[in-house]
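Each structure below appears as structure tokens.
Below are two complexes that have chain A in common, paired first with chain B and then with chain C.
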Partner chain A sequence: MTIHQMPADNTKPAYNYAYLDEQTKRMIRRALLKAVAVPGYQVPFGSREMPLARGWGTGGIQITAAIIGPADTLKVIDQGADDTTNAVSIRRFFERTADARTCEATDDATIIQTRHRIPEAPLKPGQVIVYQVPTPEPLRRLEPREAETRKMHAWAEYGLMQVKLYEDIARYGEITKTYDYPVMVNGRYVMAPSPIPKFDNPKMHMSPALQLFGAGREKRIYALPPYTSVRSLDFEDHPFRIQSWTQPCGLCGAGDSYLDEVVIDDQGGRMFVCSDSHYCETRRAEGHRGTMLGDAAASGLVEETTP
Partner chain B sequence: MPTETMIAPGFSDPVFQSQAAFRALLAALSEPGTLQQVAGEIAPPEGLATATATALLTLADYETPVWLPEALRNGPAGAWLRFHCAAALVDDPAEAAFAVIDGAADEPRLSAFNLGTDQFPDRSTTVIVQVAGLEGGPAITFSGPGIPGTRTITSQGLRARFIDELHENNAIYPLGVDVLLAHGEGLIGLPRSTQIEEVR
Partner chain C sequence: MYVAVKGGEAAILATHDLVAEARRGDPAVPEILVAQIREQQALACARVMNEGSLYDQDLAALALKQSQGDVIEAAFLMRAYRTTLPRFGSSEPLDTAAMAIRRRVSATYKDLPGGQVLGPTYDYTHRLFDFALMDEGSEAAPRKAPAPLDATMPRVPDILGAEGLMEAEEPPEGDPRPFDLTRDPVSFPADRDVRLQSMARGDEGFLLGLGYSVQRGFGGTHPFVGEVRVGEVAVEFVPEELGFAVDLGDITLTECQMVNQFQGSKEVPPQFTRGYGLVFGHSERKAMSMSLVDRALKARDFGEATNYPAQQDEFVLYHADNVEAAGFVEHLKLPHYVDFQGELELIRRIRKEREERLAQEQNAMPEAAE
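Our next item is the complex of A and B:
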């Protein structure tokens, strides 16, 4: 049995375009419009059962399903990579259910669905980036009761979050949060940027692209319209800083991208590679060579392209 | 059957026409002040602009009470909305999820609609304001989320105190209604987050 069940006469698929029924799409669309009108505020929505488990991107998938149309080109990334299981499955889901055109090039995409990264290539006006969000409530670890966190947002009572960040500094000398780093949106709502590394936080500020966030399990949708102020929380004497690395990407030599540390043997050997697979490939195709590209190509891990 | 009681057709291809219309609505409210166009593929009932009718077909259903001016509610537009959207038509503006008002009429004021609550600002009304034109009128300059710097609109046929109402609406942010100006096939979004910078 496949997802794409065909009735006996083989004329039409057994589900609507983009999987969701039209009433569900209307409900999600209404939530999206309120989300862009109040940037950073989490709009409750009736999250549906999807043909994959909650926690695997169902919030992002439902948003993509509600906005995608025949004119769109979809890119899906998981931790920056186009070729990991979650990304491949979701891409295939929309190829089957919405007959979607898909791509890996950030430039070519009109909708980018992402888990845990923002692409390195700058986003453009007219693009939509859809984040898969596991925990939409930035205050949840500090206050488990929804009734309380809702009041804290209503009254902009964010002292607890500042205290938490301060305690980090008092204990460790710096803010230890490295991903899902809380941000202040449009000077009003504290928002969880989903588990992107804090390296990506500055890319959200005044981005020309529309940013939509979907949390399927937690049933929340929120959004950042283009050109919206997004400030990472910090202190005057402990300003926000992004991660940095001591060496560039081993494959493409990039010194400006987010790097994953990869263990390569049992002797303690390791290398750093770009987490954004398309960015790394593009740079290699342009002739940039990292110090370990030769080794990786020789073992068949990557293709060595000559420009 | 007399022709005035006949209900005009809605979308001929609901899935794709509503998807395209929604993207125009999403662009309108996420980039306030930009002029967005919906496809002129439907014949709207008397009293509703094509953009208004398309927006309601795209967004309204049995979950969303709609407020219309009394003349429209009791006319073909009301029957058309009940038939196509199965939406309840309400008397009280504060109960509405969507509302259509005439930009030149004095009543009701924007503050008469549902402004949301501090814990649920998303429950506010989306007000579609039908105007005499979206270009060629007095200039109003806006700033806010979705606008790089400032953006200017020149819509026509808004009541004199509408500017004050928009000011008041923005002042209670994050509460407030979200406004869509509609004329013909054009739409301009003015969500509650948008501030007036200058009126000329």
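Our next item is the complex of A and C:
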């Protein structure tokens, strides 16, 4: 039973701290504990209907709501950026319901809720990263029935996945999975890392941060405790490799970050910029300049900071 | 030229103002009242109550007003509100045999105790526009019947059941409290309480399509409408501290029971089997679709093949939920730059490597010819 709606003296009915009632938070925390105890295993949980749409981060939101407290600082990113529309919307949700202190600096955050990226700056011990997950089942596209995929995990029966990866190589010369690239967790469970680019997969391996995954629509939670082995599936003669670009970030000149492509005219003009907006800003503040920063600053589209 | 836009927050707030403006429409036209929607768009309200899993006509009407008549958006509003409500217990089982009947028709018997009661239905209307409705003040008062309806109207499957011809429906052992799929994750194979609950809140259009598919041969049911009944049923609740049932009020329900053929086995003499549908408000199409799919989903219980979508619980239950489905379909609008960039990088590289390989092969060709 939720007690938060019992109106106190002359107050209007209000939502509980961080929206979810305390019983629900406890249910989610129990699922989280189980998930942490069995890394990579998908724990079914009583996912609640949320005031945001399914597929828009309800799993991540429920986890964040279950773990956030007044002492936390929350960073929300989508596609690596703090200012994409849905990241803004989710950050507003927690500012409104949990009076949350929010930030954009990866370093300052105690909880980072993310969709599709892991920040470029290395995560630290004590930080928690919460992933929004659309399809928690890495085998789903190979076997649509949940009753079957649960058995496949129970028996560690992952031959189907290896065959799929092999077929990619046979057809295209390489594995064509570019995001949500399957990983083997702790030598036991094959896990969907959520649709982060495979560029980010190595960051999960032995990360000092706690990594939590929430799939609201599919009602699953899973986790990677700190310092867990996370290996991207591959073959000895076709080792795993990540994306690379022929040019650095146009704004900050970074050569080691994941880049977004921006179409700048209808003549085939392209500009590549960091997808991690905070990383890019930090580098510019430190005085790094990309070749197109002048143009972008002149047209008022980014602020040029002087070091 | 560069679209890494700061100011997403201001833009989002502006969308809220714009949607409010669009909702209001031309301010010269009077604003619609929630009570008008509740009274004059009752079938839409019923659909919102069903798919929102909450019986509250006023909130359903408000949801329709707020969502500009978008039924799925309205159901979403209902559910997001419902999820925060305290649950203080389960009602007593409803007794639909004691329903105050508004409409009751059977396709299996020409006449039966209580008779056929046509009630308010579009079934026999000609779908011609009534242009008089363009103007206000066109209302007709129905004539009163000379005699009231029979006080009791037995349900058709009960009539068949008395003869042993109908599959009996017993509560599971110990009569446990039904599963609540809004509180606990569903696992498969799903029990009947889960299936019925899921369908009751499922999308009417989806269930209609599935029910239709069963009729057309994608699943082999040959049903008769044993009965469709619409009317008011009392909801009773036993507070622990009182120990006896208290009447909480009436709700309008539509119940459909389909009679399906079933071959008996060595152990069981042949019996008809049942497809069941029960929904809020006057929602016959939904109740009928639900009872078709309910019977199709019993295929496994009867040892029938489950080759078709309507017979597969995982397929039906996962995909009938229109609020979840709409969320996931529409999430494709969200930015996917990062993933798409991964695909672009890959496809460009594969094409480049292919071109290089072809060029090499072509350079090698003349030598081979010599």
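The working rule: the second predicted complex is superposed on the first by the 294 of 307 C-alpha atoms of A that agree within 3 Å, B and C clash if a C-alpha of one lies under 4 Å from a C-alpha of the other, contacts with A are read in each partner's own complex, and residues count from 1 in each chain.
Definition applied: contacts are C-beta pairs under 8 Å (C-beta built on N, C-alpha and C of every residue); 3 or more make two chains touch, one makes a residue touch a chain.
Just so it is clear, the structure is predicted and the values come from calculations on it, not from any experiment.
In the three-chain model built by superposing on chain A, chain B and chain C fit together without any clash. Shared-chain residue A:L139: touches no atom of chain B or chain C. Look at A:L33: by the touch rule set out above, it reaches chain B but stays clear of chain C. With both structures placed on the common chain, the touch criterion links A:S277 to chain C but leaves chain B unconnected.
In the superposed model, A:C252 makes contact with neither chain B nor chain C. When the shared chain is aligned, chain B comes close enough to touch A:N186, but chain C does not.
When the two complexes are overlaid on their common chain A, residue A:S89 makes contact with chain C while staying clear of chain B.
In the superposition on chain A, the chain among chain B and chain C reaching more residues of chain A is C.
Nowhere in the superposition do the C-alpha atoms of chain B and chain C come closer than 10 Å. The contact surfaces that chain B and chain C form on chain A in the two complexes overlap at residues 44. By the touch criterion given at the top, residues 1-9, 11-12, 76, 79-80, 82-88, 182-189, 314, 323-324, 326-331, 334-339, 341-346, 350, 353 of chain C touch chain A in their complex. On chain B, the positions that touch chain A within their shared complex are 14-16, 18-20, 22-23, 25-26, 29-31, 58-61, 63-64, 97, 117-122, 124, 126, 145-148, 173-174, 178, 191-193. Interface residues of chain A facing chain B in the complex, by the touch rule stated above, are 16-17, 22-23, 25-27, 29-39, 41, 43-44, 66-70, 150-151, 153-155, 186, 188-189, 206, 208, 210, 223-229. Of all residues in chain A, only 1-6, 15, 21, 44-51, 53-56, 58, 78-81, 83-89, 92, 115-117, 134, 145-147, 172-174, 176, 178-180, 195-199, 217, 219-220, 243-245, 258-262, 264-265, 271, 273, 275, 277, 295-296, 299, 301-302 touch chain C in the complex they form.
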